[in-house]
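We just call them A, B and C in the order they show up, numbering each chain from 1.
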Amino acid sequence: MSTWKLDDIAKRYGSVRALDGVSLTIEPGRIHGLLGENGAGKSTLVNILFGAIRPDRGHIICAGRQMRFTSSRDAIAAGVGLVHQHFHLVESFTVRENVWLGETRPDEARLWAAANRLALADQLNTVVGQLPVGIRQRVEILKALYRRATLLLLDEPTAALTPPEVEMLFALVRELRLSGVSIVFITHKLREALELCDTITVLRQGRVVATYAQAAATPDELAAAMVGSSLAPPSVTPPPGNQIRLRVNGLTTDADVGASIRGVSFEVRAGEIFGVAGVDGNGQTELAEALVGLRPAGGQVWLDGAPAPPGRRARMAAGLHYIPADRCRAGLVLNLSVAENAVLGDEVASAWRKWGWCLDGRAIRRHATALAAQFAIRMPAVSAAVMALSGGNQQKLLTARELARKPRVLVAVNPTWGVDIAAVAAIHQAFRTACSSGLSLVLISNELDEILSLCHRLVVIHAGRLSQPLPPNVPLTVIGRLMAGDAHTWEHYGVGS
Amino acid sequence: MAWVAESGRAIVSSVAAVILALSAGAIVLWVAGYAPLPALWVMAQAAFGSQFALADTLIKATPLALCGVGVTLAFRSGQFNIGAEGQMLMGALAAVILGRLLVTGWAVVFVLLGAAIIGSLWAWLAAWLKTARGVSEVISTLMLNFIAFWLVSWLVHGPLQEGAKSYPQTDLVAEALWLGRWLPPTRLHTGVFVAVGAAVVGYVWLFMTPIGLRVRVLGESPQAAWTAGIDPVRTTWLALAVSGACAGLAGGVEVLGVSRRLYEQFSPGYGYMAVAVALLARRHPLGVLPAAVCFGALEVGAAGLQRAVGVSAGLASIVEAFVVLAVVVVGGREADAV
Amino acid sequence: MSAGNTTVSGTTAFVVGRPARQLWLRAALSILWLIGVAACGGKAPDTPTMPQPASASTPQADKKPRVALLSPGPISDDGWNAFGYDALKIIEKELGCEVRQQQVNDSPADREQAFRAFAQEGFDIIIGHGGEFTDQALTVARDFPHTTFVVTAGDKAAPNVVSVVFDTGEASYLAGAIAATLSKTGRAGAIGGQNIPASARNLYAFRNGARAINPKMEVAIAFIGSWTDTAAARQQALALIEQGADILIHDCDAAAAGVFQAVKERNVQAFGMQKDQSHLAPDHIIGSPTSNPRGLAEVVRRILQREQKGEVVHLGLKDNAVGFTLKKGIISKELEGKLNALTLAIQKGEIDVFKEQP
């Protein structure tokens, strides 16, 4: 067990300084939080520690010895293990096969020892594709421990997890700390850092802003350090009107793949933010796609008292718009420009055309520039590919695009997933503003905080069914039990009870 | 401007591909005992050294460019259409048949239109197989190439064989339909303008119309296209049909401009080479033009190498193959994108 | 904790770098290759001739005459194309000409382009080796009146277009006579490549020869549609053997390897074609009708000396341009006498070997 030191690490890509003289010390047997917004340099730093990227300058020192990593192989040999945000597992292989990938001399005894530490011994022969996400993450940790990692790097480990899985992960990390492993916990979520980490280092724009001991840090202080200024306190969502904007009756989908929606009914008023909370995979995507006309569904959807026409484009024309969960693959086209993405879905509108058939490039760019200005979207140019934008800026672009279409109803799924604090605040504020001028927002999110702070009413979705609408001040334990599918609670809060 | 840097990078990498290819070819020649630089110079002379050389290069480049535009448009929609060969053959077939029925000069337009329509139908077949039956277009377009080839082969040996019945070829199409030669005494025909026109129209269609945007969205991200309410079936059909129309047009132009009849070995693999042309062009319709000239020059230059230096045909083909290979190597990431 | 002092925007930290660097590496490598190759040098081609803009109108008397050969296939085919190349070698050595050869795709457009390219370079004689060159020779000949175009196996002529027809059929007729005498089953087979007139005439002459000896002799004639498809040739040969043929003849150029393969498999006999092909299946080949490349060289000589006008020249046994090689000891004295008599009669023109034609 040894102390790791980073000394004056710098890395630049072209004209961008990803890291600019970062120094920090990772004490043995401690959980060291690395907190920062997207693009602050966290991932670059982790990849340098893991030997995947070579720094332009600076040293990595372990137990007083200067390390030279020419590849990840060297870093692994020195006891560094990295659990990527997106797992590097072969889904059709068993857990054991995944651990042994690339090993020349598999050591069964060592594997058993490591698996026992992680309570994975029973699952060694299970195919990874059949395991839930939380367990897969543990398989990644198993890979690192099997290779005798003493410094474990966890890159945004909670991003894909449900709340119970997060709790299990935290417990596991604390156990590992007891056994002397040093852990670097990379996150952009304040609460997690405060709850778990012994030491918290805040990165901003490639530099270390501050390092706190856990006891000394306050949420406000950390948030201010991350974004570089203190945030305005969240404003309150104005109360909704009385008019019923969206009425859904008996909405049902077929379960060809994934979950299905089973007879869902609810009403949303003009100006109301209606939250749908739940654990991922309980029919959220299906509900959203059925609402916006992408997925054929039984039952009825009314908009302002009129039946909504079938088909996505027809519902868009009727004022029903959509922010899908996966901004990279479903919401935006990464290889196309910001301007082109700004009119995606609306590309036939006459506002973007000249001479009847030709896309008016200037009008489109002007539109994109206006969106960018309104939402403070940072980008090289409106003609740059969306890929060049950070996750937060991408999400702001997506939100801006949909809100600019003046929707009557907007269905948003996880609209702040993997986005930095400042962008979350901007997006939430945009929702509130739009709702104050009459937008009905159906907010489907697995961030309970988001739903509780924004919504006028919320429902819990579980196994394709909705609970009764609940006020946001309902006890958290109730929501938790509903999300977990507790039969007794559902009897009480289910529809029709 | 980002796009300036981007196209700059694309051009640099394409030029690098050509340089890499030529140096690989030079090594082959050197190993075979020829001085490489003089040999490359001979190729350059044969391809660009006189108005005749230039004309020959452009004549070869014309069908390559038309097929290349077609392949490019299909690539952009995410369809790996390697069936330009078959679509071109079907276009040529349509041109020859129409060229028998319509014999006045103004009918040229209809003959070419017919060639484009038949070519697009042939490509649409592959699109339909994909959307209705889930057949990969890579396989179906390739198979349709063979069907087109053997169909033409049977027709020129049988029902469509020339009146004299000597050779497996059709009669000449009516002289009134022949494309004009505008740079006598060279054989350069007006089909060159058709190719340039197709590239420009292809560019405008792809980058300046709502439909083109939809095609590109589908090609870059099928899921985003679906989410945005873009009908993937109809867009796939449309993209492949337009792609096939370009290749069919290539067949029609080649019949009316160069061969004036159809025969078994009508295309020396233009449709396949068009895939390399599209990759060298970085899937850009306007980039297809220089890329096609490059490959046309290579064909003519290789023949010139045989004529002037006595390099054997096999060796000349090896040099050509190296160029294609180098293009694919350097353009590999592009190919992955498709 | 140290911190640097420069502000960055910090959003686009990924993707740049690597691909571009690899690219430059590749480019640099290729240039290095080029330089290295140039420095090492190589055998210089004997003064590569650049294509000259068209003015073939002033042939200079003191310059070496230049002759080009356009081959429809590889000159290593041991058949038709090798034959053309042999002729070219004779033209080079014995007539003192500068010669060039180019293999041309099977496409009218490419044939025309090749004719034009050589004509523009000022070649005196351009030989298109095969009847399929006829149309393009006639077309290009109009634009280059001072160049002579020779088409082997062609059937048309113009003032500066000479077609040379090797009546190989005369020798095939003899082969037919041998086949009729040696066959035990009374059946023989003839396998053609593409069904073109010259080839069909040749195979029908074989049948005519067989029927001259045995009027009931059955000779099946089949075409495989290719000059190179050995698999198809083998299949066709096996089919004919199944039907009872015990002697085969072919006129399918490089595809003949398949015929000989089948002949060896089923232990029957066969004739070669064009050249003495006995080495390809020594135990099974009776003999080969041959064309003599000197016949073609002779026509070229006459053109150079302005003795040859544009016409269709037929060459046969009497010109010594067509011949017949025979394996020793395979035929009786009696048959040999008969063959000699037939040869004489053909040379005198008393027998029409092409009596029955396709």
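The working rule: a contact is a pair of C-beta atoms (placed from the backbone, for glycine too) under 8 Å apart; a residue touches a chain by one contact, two chains touch by 3 or more.
Small disclaimer: the values here were computed from a predicted structure and weren't measured.
Student: State which chain is most central when centres are taken as means of Cα atoms.
Tutor: Answer by centroid distance: B.
Student: Among the chains here, which has the CA centroid at the largest distance from subunit C's centroid?
Tutor: A
Student: Write out the two chains that share the greatest number of C-beta pairs in contact.
Tutor: Chain pair with the maximum contact count: B-C.
Student: Compute the distance, rounded to whole Å, between the mean C-alpha positions of subunit B and subunit C.
Tutor: Spacing between the chain centres: roughly 30 Å.
Student: For subunit A and subunit B, let me know how many angstrom lie between their CA-based centres, rounded off.
Tutor: Those two chain centres are 45 Å apart.
Student: If you average the Cα atoms of subunit A and of subunit C to get two centres, how far apart are those centres in Å?
Tutor: 71
Student: Tell me, which residues of subunit A touch at least two other chains?
Tutor: 380, 388
Student: Give the list of subunit B residues in touch with subunit C in this complex.
Tutor: 9, 12-13, 16, 19-20, 22-24, 26-27, 29-30, 33-39, 41-42, 45-46, 49-53, 56, 59, 153, 157, 166-169, 185, 187, 254, 258-259, 261, 263-266, 268, 300, 303-304, 306-310, 312-314, 330, 333
Student: Mind pulling up the subunit B residues that touch subunit A in the complex?
Tutor: 1-3, 204, 207-210, 212-214, 216-217, 220-221, 223-224, 226-229, 337
Student: Going by the contact rule at the top, pick out the subunit C residues touching subunit B in the complex.
Tutor: Those in contact with subunit B are residues 19-20, 23, 26-27, 29-31, 33-34, 37-38, 40-45, 48-54, 68, 74, 100-103, 105-110, 112-114, 116-118, 120-121, 131-132, 143, 155, 194-197, 225.
Student: Which residues of subunit A touch subunit B in the complex?
Tutor: Residue positions touching the partner: 293-294, 311-313, 316, 322, 324, 326, 329-337, 340, 343-345, 347-348, 352-353, 357-359, 361, 380-381, 383-385, 388.
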